[in-house]
């Protein structure tokens, strides 16, 4: 069998929560449905009826994890949910979120999008005092910090816990009578507040509000801790100010095009990336073809800016599962072909500009270009709507290690040669910033520049799974 | 729970076969993978090792029905496979194909795409003599006709059987030592011949050849019975000549855009439909937005012909399962929203042309238009890349009954009012023929015109499931 | 893994039916529960609500095959059920009963205990005319005979069908409005009539009546066809008279001790077998130990007749599944030990008489004796409460072939030596007849004597599965 | 559906461990198979290959929880396993054992048979300091005590942990390189040491050694902590001496008759109980009938002492699952009948002595007596091979509460009247002690006398599940 994971980046998670709605669990399920692109490995919902927490989690897609009876057992008018992705062997139900525990003050559930860079150090410290951990995920340390806090209110316990962690987090907490959202001071990951009739919602992306026809109110602010209870909203800003550095890769690849994050619509930003790319790397050609689906908006932008016609020259098979069974004596890898096919009638005899959002290992690009040449293309010009990816992410995106990133070791010319394109053009970092200017001028661009917003974090970073597994 | 079947037409099946390859079953599995769009209800493969038939079938998608161990138990160098769709309650494993039986001459398996209009009459005749049927599908009568034939060779038995049936069929048969393909004299459904090294392949659509890098040789001709055995190909044309009337709806909606059927590439035909539509129904607007994914090629054609920019203003959620769980007190139907979302940033303040391939009941179009208006559109102009659908199909497409087809009862103006568009334009039948002219001038267009190629069939048509269930 | 089938005989089936009770399916489920010992491979129930048949079948035990929802979908006030055993590879859901088909006159379901010796010949005849068979079980020919009968009423069609088959059968038929029971003229297999309030019941053994507190009315007579409909009972005797030869092995091993079959209580007969055995093969010893559970009644009888104390010296593990996982390098076969263990405290230093009902291959007896010797027995005397098993059964019991029956090839002395007992004694055929005299003097004892009641059947017997698979 | 739990007591668990055998996991699986009677709710095995722990647990019987692939993934030459029973709603996989956690010193697994009476108090204490618990079982506190111990070696950490707990425990621990067995100072639950070639085994009962043909070496002593590593055995007695009070109910009901516990064979003790019962409560009768299977040994003893013939007058259905589906309008409870049936032929017209091991709520006895009367018994005399059960158990047996114990509230005469026997006789406490005298004179008999070995435990006992859920 062949895993159909392509060599893209993968965000770790999506979160959704609702407080004060009679169908909290069902709406959370719908919210997770629309955040499914942020994680396909596991899904879970924890609800509260004011007295007790109810939990259902499972491995797989939201549509597979939850049956009607599961939803109906998630009683109560508040709920939080989580979808998770992981490319490692640590794919296990014990790592599925929301994470739920009992401690002296009752039950608490937590759903986390991000990555804590000092989790290993804190965990070692707690274990030294005899604490016992259930999972291999960094999120668990937050629960231990909360349980051992000397503060009285849940909000204060959470704040005291978060003061000790470093890294990226968009968090949702649920206990019996309140829901609390928190976003790290740098604001690495998106998190938004919504409203549906009398209830409050929090979601990783606004597309979750659209589905259930809720209103997008505002983003949770960097460094904000927002407590939602029967009295309403209570906002705290307990952390020292920090530079706002949202993840620019959310715009390039992760977020859904219909979402608004960091103040801008994702599709519009991607189209701008395509426009900039056309300006920076023009080439004479017959058609502009996106790698579906992630390359589509940039290809539309490139086509509009260049005047070269947009064409859907590559078809995507939407019924592809996570794995498929390869022929035994196969010398070809079907991994890309099972998902994508070039349309000969469109391609044959043409000079083709292929638009993709990024190149990771280069193997997928190489296969796509071979496929397009086999369909009769006269020339193939690869255009990438982001700068070369040269560094891994420590803030919640599951990138390959530096050794596997082709751009970390090879020049653009060498990559062009490896993937067999006629020409290859990457968007510049400057072009990137121009394209995202509506969303402000400050981002985490460490994957392209190696400039980590809090670069001292790096020295203490211990690869999470090597230690915890 | 809500079924996520939209109100489109559904083709019943896709077939794939291979003869003379050591990994016959695995390649058939891959072939079915690429024909998955033709049927998602059940999947099956029957293989032969020259002495015995091996079968594995199941309900669900190809990726779910087959595990590695299942494939490895399908021994031998020949195999046929089938994917099936059904919108009725008769969704049961006993109706999954290929249909396999033992009769006096050994085992035989059959995979069928199409519909036999005189199956009920023939079945009643056989039952009167004491024959026993296992399933409620029309295909089973073919096996009874073969089993009771007085001819000696399998090919002759099949020919004598097919001489008695009327309707549409693209068929694959497999017994211990040969594979036989047959296509009805009218050629309603597509069926093509391919070659991979020394082995022969037959598939509903050429996209199945592309995936496994096989060569497309030619179409199986209308009325052809093609026997494939160790000696090679043997072609027969045993039926009286009939008018060639391939199904034009394969071009409009069913077939995959990267396939070549009836002599033309599907995507190219669809783009032409969009161009014609732009000529017939121009309108002043800001953007052309397809209903994904079926409206995309026509929208590209419409945009190119009109000069109005193409925009992906509607996003499709690719993780949607077959059902999802609705909130209990929901007054809205989430069926469309769970799958589609409009991008406000693109739509707001714009005059929008929405392109879809057809309108069946009208309820989906109404919801899509509402969604686009909610996203801030100034005007919404609906354009349909086919004529009004006024009659049901008796040749293998599972259409709603005439009562449910909105265009069968309402004028274009009434439909425009129902779906709440500002203007509505359908492609004319003449425009349709102009767009498909590369594929020849003769088609079955009964769903648009009510002119059934063999209209005497209608009187004897007995709705299949009412009788057989 | 090791199959935990011991080397005993296995009856093929148990049947149960009820007509005229609002909880027909549930009571049939309970009836099958109490007949589970007659077949553990598959279970099924078909019910009728007067208009339609409802079916649920599955592989495994009754308790596993049926969930509450399955029972609730089996509508109506009449139902028949079946449990089946098979030791061959043809263990497949398509062979599960009741067998249900649609034919010209509607639906019909059949449940069969027994074996038809001319089924292969009849099947070949039907296949020659083009009939198609679904399964590899002999029962299916009955349905074809019924479907092709020229008679009008279902009873007459069944009678005309049964006139053509030879062999053993206790049958239950169900169509929309009646239930029909039939027993072959020799009466090989048991079948009894019961009554529960206003409803009629038919079951393989009376223990099924006891469970649901129904009244045992009488046995279905050999050669009787009993029609049960709204008007009540209608009994027919349409077949030529034949010698009554019920299967004596039902008494020795198959039937449950609390059942009454062929006019006698099974436990009482078994105790008598033990008494006779004590008279025929006395030996000086300290304790009488049964092989649980089948040897218990005969051991009680042996102990009572001999005055030697009965002891439960072997314990049975009741939680044994159908298979278990052996250590890889195991040189011992755990097959018996996983199920049975000797109690050293009871055995040590004793002269032990071990009572079992029969010896098939001898391997189990050998292991049991080794186990008893390891527990410290001074002497081990094996006593078997039936004569040596020398011939296979053609009337519904799945015996090993003649080559595998140790007594078919070896003398009692040789068997004694093989199984390592100090002495070995089998009950004589005369002793057997004396013990069962309450049940009448006529039996099928072919497995002990080779005298088949209808010995001409043998020549035409074609091993069923070799042909049909 | 009806739960087929009878109203008996249920022991919580069985444990098995092996150190130093290449097929450790497979032998542990077999060991659990033979301890299945001690717990049917969940099963689990944890193995070690010297570097890492491997775990597989599941709900259900051993035969269902483990497939061959599961066993093969449990690498290494040491393993511990556990079977668990629970009658409460807290039947959840998170409570399945062995319990495995990671803490600062690596991994540790624990399997526990018994009950800790001060677990709730200790847990509250730990939670107050911020510790987080995963399960609702008392065993988890031991892991927290170990993790927070200041000692260096695992053995010392375990000893320091066990010094803080009170109650009953037979424990097995496994870490990467050693297995440690521990039994509480009172020796409430059995635990034995065995040897198989070069490997050491520990099991709740000796029947586990018999199955795999291992040698029974000795019992783990009360208060002993036995460390098994590559160097061999290291025995510690770190606790203050305490009165040896093994659970007498293990002899009466729980343990398997072929096991040797507390120095005596269980079957032999039960036969002695029956003999004493015959002396204390003689009655003129025709037959002695056990309630299968637990009443069999005592019935054999009663029959031998009284001279009244032993008869298997009640048959047990061995195919009974854990639940079955009752008819909806059933006014009778099938719970007993589905499992037991009286043989009329044996019972009718007889004066019957029925032997059972205990009476809990009385409802089962009442149904059994009704069944025997319906089978035609002239008289029914109930004899119980233990004293009246008047108090609940706090040391590991899941008894009903005092309110549900019929003997806690009613006199023997009243019980006789309730269960409708002609006469009723319980064994006296003196008779009980005489029967078990081979096993020594000191027992925990609190369920019969209310004299708890450490009666101060009672005041601090907090019903476990109410607090922890």
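Letters are used for the chains, namely A, B, C and D, taken in the order the chains are written, and counting of residues starts over at 1 for each.
Assume a contact is a pair of C-beta atoms (placed from the backbone, for glycine too) under 8 Å apart; a residue touches a chain by one contact, two chains touch by 3 or more.
Predicted model only: the values in this text are computed from it and were never measured.
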Fewest hops from chain B to chain D - one hop per pair of touching chains: 2
Same-residue or different-residue interface between chain A and chain B, half as cut-off: same
Centre distance in Å when chain A and chain D are each reduced to the mean of their C-alpha atoms: 50
Separation of chain A from chain B, taking each centre as the mean of its C-alpha atoms, in whole Å: 36
Between chain C and chain A, distance of the C-alpha-averaged centres to the nearest whole Å: 62
Touching two or more other chains - residue numbers and ranges from chain A: none
Partner chain A, residues of chain B touching it in the complex: 1, 22-23, 26-27, 29-30, 33-34, 36-37, 40, 61-64, 66-68, 71, 207, 210-211, 213, 256-258, 260, 265, 267-268, 293, 296-297, 300, 304, 309-312, 315, 317-329, 332, 334, 337-338, 341-346
Residue ranges of chain C in contact with chain B within the complex: 101-104, 124, 127-134, 143-144, 147-149, 468
